[in-house]
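You will see two complexes here that share chain A, one where it goes with chain B and one where it goes with chain C.
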Partner chain A sequence: MKRIYFDHSATTPVDKEVAAAALEYMTEKFGNASSIHGFGREARKAVDEAREKVAALIGATANEIFFTSGGTEGDNLAIKGVAFANRKKGNHIITSAIEHHAVLHTCEYLEKHGFTVTYLPVDEYGMVRIEDVKNAITDKTILITIMMANNEVGTIQPVKEIGRLAREKGIYFHTDAVQAVGNYPIDVQEMNIDLLAMSGHKFHAPKGIGALYIRRGVRVEALQHGGGHERNLRAGTENVPGIVGLGKAAEIAKQEMAKKVTYLGKLRDRIISEVMAKIPHVKLNGHPVERLPGNANFSFLFIEGESLLLNLDLKGIAASSGSACTSGSLDPSHVLLAMGLTHEVAHGSLRITLGRGNTAEEVDYFLEVLPEIIDRLRAMSPLFGESANTVVNNPCSECHMH
Partner chain B sequence: MYTEKVMDHFTNPRNVGELKDASGIGEVGNAKCGDIMRIYLKVDDNDVITDVKFKTFGCGAAIATSSMVTEMVKGKKLAEALEISNQAVAEALGGLPPAKMHCSNLAADALHHAIKDYIDKKGK
Partner chain C sequence: MTAKPKVVVAMSGGVDSSLTAALLVHQGYDVIGATMQIWDSEREETDDRGCCSLSAVGDARRVADKLGIPYYVLNFRQLFQETVVDYFVAEYAAGRTPNPCIACNRYVKFEGLLQKALALGAEYVATGHYARIGYDDARGRFLLRKGVDQTKDQSYALYHLNQRTLKHFLMPLGEYTKAETRQLAREAGLAVADKPDSQEICFVPDDDYQSFLAAKAPASLKPGDIVDTHGRVLGRHKGLPLYTVGQRKGLGIAAGRPLYVVALDTDRNQVIVGDDNDVFASELIAGDLNYIAFDELTAPLSAAVKIRYSAREAPALITPQGDGQVRVSFETPQRAITPGQSVVFYDGDIVLGGGIIGKVVR
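Let's turn to the complex of A and B:
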């Protein structure tokens, strides 16, 4: 059976060129970048070059890039680092209800340590309103942290406007761009961004490597202490192979950006239009236009996401869902709930995230097998068909609302 | 994550559907994750379950346990059917992942509700 990977927001395959570049710095050029001998110098040189490439991808300069272990660490360093370094100025942070847990749980942690946090709501498309940001700012606000693109529904946030607002008020602006980097053109200057977190494994570099951009002059306190690595901001021997891989992946991402955005956008648009046309009682989650090129997210009413994923998996297709039954915590996705979806509608969600390796044939195959799976599950559902009338809270009334 | 038996019942669920002239119907919702299961029973004069159908809105484990419980009760006396516990259903499936044990409550509860519904109706 052919296997089709439609879960690129979870992780991506490492590019062969990236893997080859990283491997060289494990086996041949294995030096510690802090050593003064030749082995060390060649590692240092590679780290410096990678820093240039990562900076170039987002319009930054190399000395504004700090390597981390990934998105989670970048978000922690940005948020806690700014909070601790600027607590004399204030103790208020603004974020949104749809952030990744790397941001939300970090903010919740800070609430236990004397900070107050405003969690902004989003509209039905999963977008933060500028007005809400404006209204939330107080004279104690030191940081605004809003993601660039949402990992579940793909909605792209108005970061440029939020950044402008923050800049005007002298407030730092951090953006979790883990899903956007490599999928969406970014210029930190033009977008008024002070800090930006990225993660390698979302754009064809290995897992466990990432970077935090910190605009020159922004005050951040180190969270990890030890040697003087990363200019005293992030102690620990550099993950040279990972960093080299990240640099290579950034270089490729920059070269292929325009082509990739167009290619994925086309495949995604076909998925969205066909699914909406072929399958009744379905809702598109996320913004119709302002969304990541590879993201399609639907709610199929009357069915549950895990059984949908299992059926797709039996057909060789890998996707994901925000259903309570797949969450482990038995709560549906906080993102879908924040967008106003009921539990039942969140239950039937399916996220398809495309990557550059996907083909039109794979999309065709998915569109061919999906309707019969949905039909089969609906035939089994007590919420669907004739018998649905007897059920209180019939979510059908819901589907007419959207 | 699921046993072969679970996947078998998930991919080929037994006794899916409704019974128009059911002797008893039981419906339960899972407060934990919002899932719903309905079981229809046909009971003869000797209190034997002659037919059973189910409909489920839920995860793989919920569908598999529904299917399993219908297989377990078909042809059984009501008294025997009442003794089937969620534990027994889970065991018959070769076990469920710990996070999915609550799903098996659905099946046993829906069955017990259906039997109670039959008894209530008969009593009238």
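Let's turn to the complex of A and C:
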């Protein structure tokens, strides 16, 4: 069976060039970057070069890049690191209700350790409002952490404006940019960003490597102790193959950025316009314009997202209903609920996330298969028929947000 | 489309459902494996007692990988909470002794999974139960029969299946003994071939009802009097749900002769105890009936009747009461007939139907 991969927000294939670059640092140039001899120097040079490339992708300088194991570690280090290093200045943190669990659960952890956290709501498109950020700031606020692009609905947040506000108030601004880096142009200077977490496997580097950008002068406390790696901020022997891979992937992403954004945007727009035209009772989730180039997210009324996904899988199409992180569990997404969707509508969601390897033919096949599946599932749904002509409106007071 | 019929196998990670999947793959079905997620996956788990625990998912996934079939974990948490856990708690609160596994079979494993399977375009759902399903030309309907292995027969827990559901279910293990199943599983190279059978109620940690009910339904654990059959107070009980009809131990009464729980009186919040003789009764009234071998029971019928999973069948006369209930009159008195448990009627191997015991007639 033909297999089509439409789940690039979950992970991406490693670029062959990236894999080749990384492989060399496993087998041939295997030195420890901290060693004094030639093998070590060879590895150190590669790490330094990779740091330059990663910095260049986001408009930072190399000494502002700290390699991590991925997005979750970067978010933890940024949020807890800033909180612990700045607790004398205050104990208040501002975030949003639609963050990834790497941010939400870290904030919840800090709430158990003397910090208070404001979880900002979002509008119907999943966007944080600047006024809400402004109103949430107190004289105890030490950190604002708002994601750059949402992993489920793809909505791009007004990061630049939030950053400007934070800068004016002397508050640190962290952004979880895991979905955006490599897929959307970023300049940390222009966007007023103090800390930014990225993850390699979201842009064709291997899993298990990522980086945290920390603007020069921002105070962060280390969470992992040991050797003096990453300038005493992240102990542990450098993952040289991963770092080399991340550097190579960053280099390629920077070169291809404009082309990729245009290409994916076209495929995405075609999916959105045809799905909206071909299938009744469907809702586009996320912002119509301010969204990741490869992201389309729909709610199909009267059906369960789970059945839809499995049917697509049996047809060889890999999509998702939201975040891939809660394995097995297909509870309604906290993001969709925060955007005001009811449980019923949130349950019928489908996320398509495109990558540079996807083709127009794959999109054709998807658009051919999808309506058949939706028709069949709706024909079986007890909800469909009776209520197909009524608006689903059943606000659920029991929804809770993380 | 492919000509092979598509079947969703309910996989628990145990030997029975694993072999079921293997047999159907071997028979040429287009097999999809599925495990029902019925309980909070975020609960930390270090044991593997439940049939649907995280480690069960791991075992089932490995079996599916070995068989080369697609495998999914399906979310049934809300349905399970509503139809099994809430029922379990409510039944105890009403002084009955529920059988959550039957409720789970009926609403989750059969109705719920069948809906999901049909939504996947499958024609059948298969389970690893020791029971046989077949179409009977003479009667023009599907029949449910006991499994060939009388010691493992699970037809008691399946009496709620009906003509609509039976035609979509496959239970290939009904033709095998448990020993044959294990042998076939070993031959098929399934790593779970020698895994022990699961026993306890999967959602009650450590089988500790008291703590579970104290947390989920504290109102159901109201202390009250233990009385004899004449109403004389003999002691105190810690809440009706903690007592079962027929129980002898743990009453905390020194009476000089063995005492047994005879009944639970919810109106008076009393545990009624008596002699062993008092635990026996000859008649019961059952409701929530389902018949498989025929549509309705219109005249008295002699059958072999089973009052709990582990009970022996006993001959009885089943008489419809005209109000959706039946009176079951046994030839000889039966020990510890328990309201809330299922009563199932047999004719030889054939499951005629069954219902839920409402009350015991003395």
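We adopt the following convention: the second predicted complex is superposed on the first by the 375 of 402 C-alpha atoms of A that agree within 3 Å, B and C clash if a C-alpha of one lies under 4 Å from a C-alpha of the other, contacts with A are read in each partner's own complex, and residues count from 1 in each chain.
The rule we apply is simple: contacts are C-beta pairs under 8 Å (C-beta built on N, C-alpha and C of every residue); 3 or more make two chains touch, one makes a residue touch a chain.
Being a predicted model, the structure only gives us computed values, none of them experimental.
Applying the stated contact rule after C-alpha superposition, one finds that A:M380 touches each of chain B and chain C. By the document's definition of touching, neither partner reaches A:A258: not chain B, not chain C.
Of the two partner chains placed by the overlay, chain B and chain C both lie in contact with A:S307.
In the superposed pair of complexes, A:A360 makes contact with neither chain B nor chain C. Applying the stated contact rule after C-alpha superposition, one finds that A:A20 touches neither chain B nor chain C. Which of chain B and chain C touches more residues of chain A is settled by the count: it is B.
By the touch criterion stated above, A:E344 is placed in contact with chain B alone, chain C being left untouched.
Chain A residues in contact with chain B (one complex) as well as with chain C (other complex) are 304, 306-307, 310, 314, 326, 328, 330, 380.
Listed in rising order, the residues of chain A touching chain C in the complex are 304, 306-307, 310-311, 313-314, 326-331, 376-377, 380. Contact residues of chain B toward chain A in the complex are 2, 7, 10-11, 13, 16, 18, 27, 32-38, 55-60, 62-63, 99, 102-103.
By the touch criterion given at the top, residues 302-304, 306-307, 310, 314, 323-326, 328, 330, 332, 343-344, 347, 379-383, 387, 391 of chain A touch chain B in their complex. Contact residues of chain C toward chain A in the complex are 32, 37, 41, 57, 70, 72-75, 77, 115-116, 118-121.
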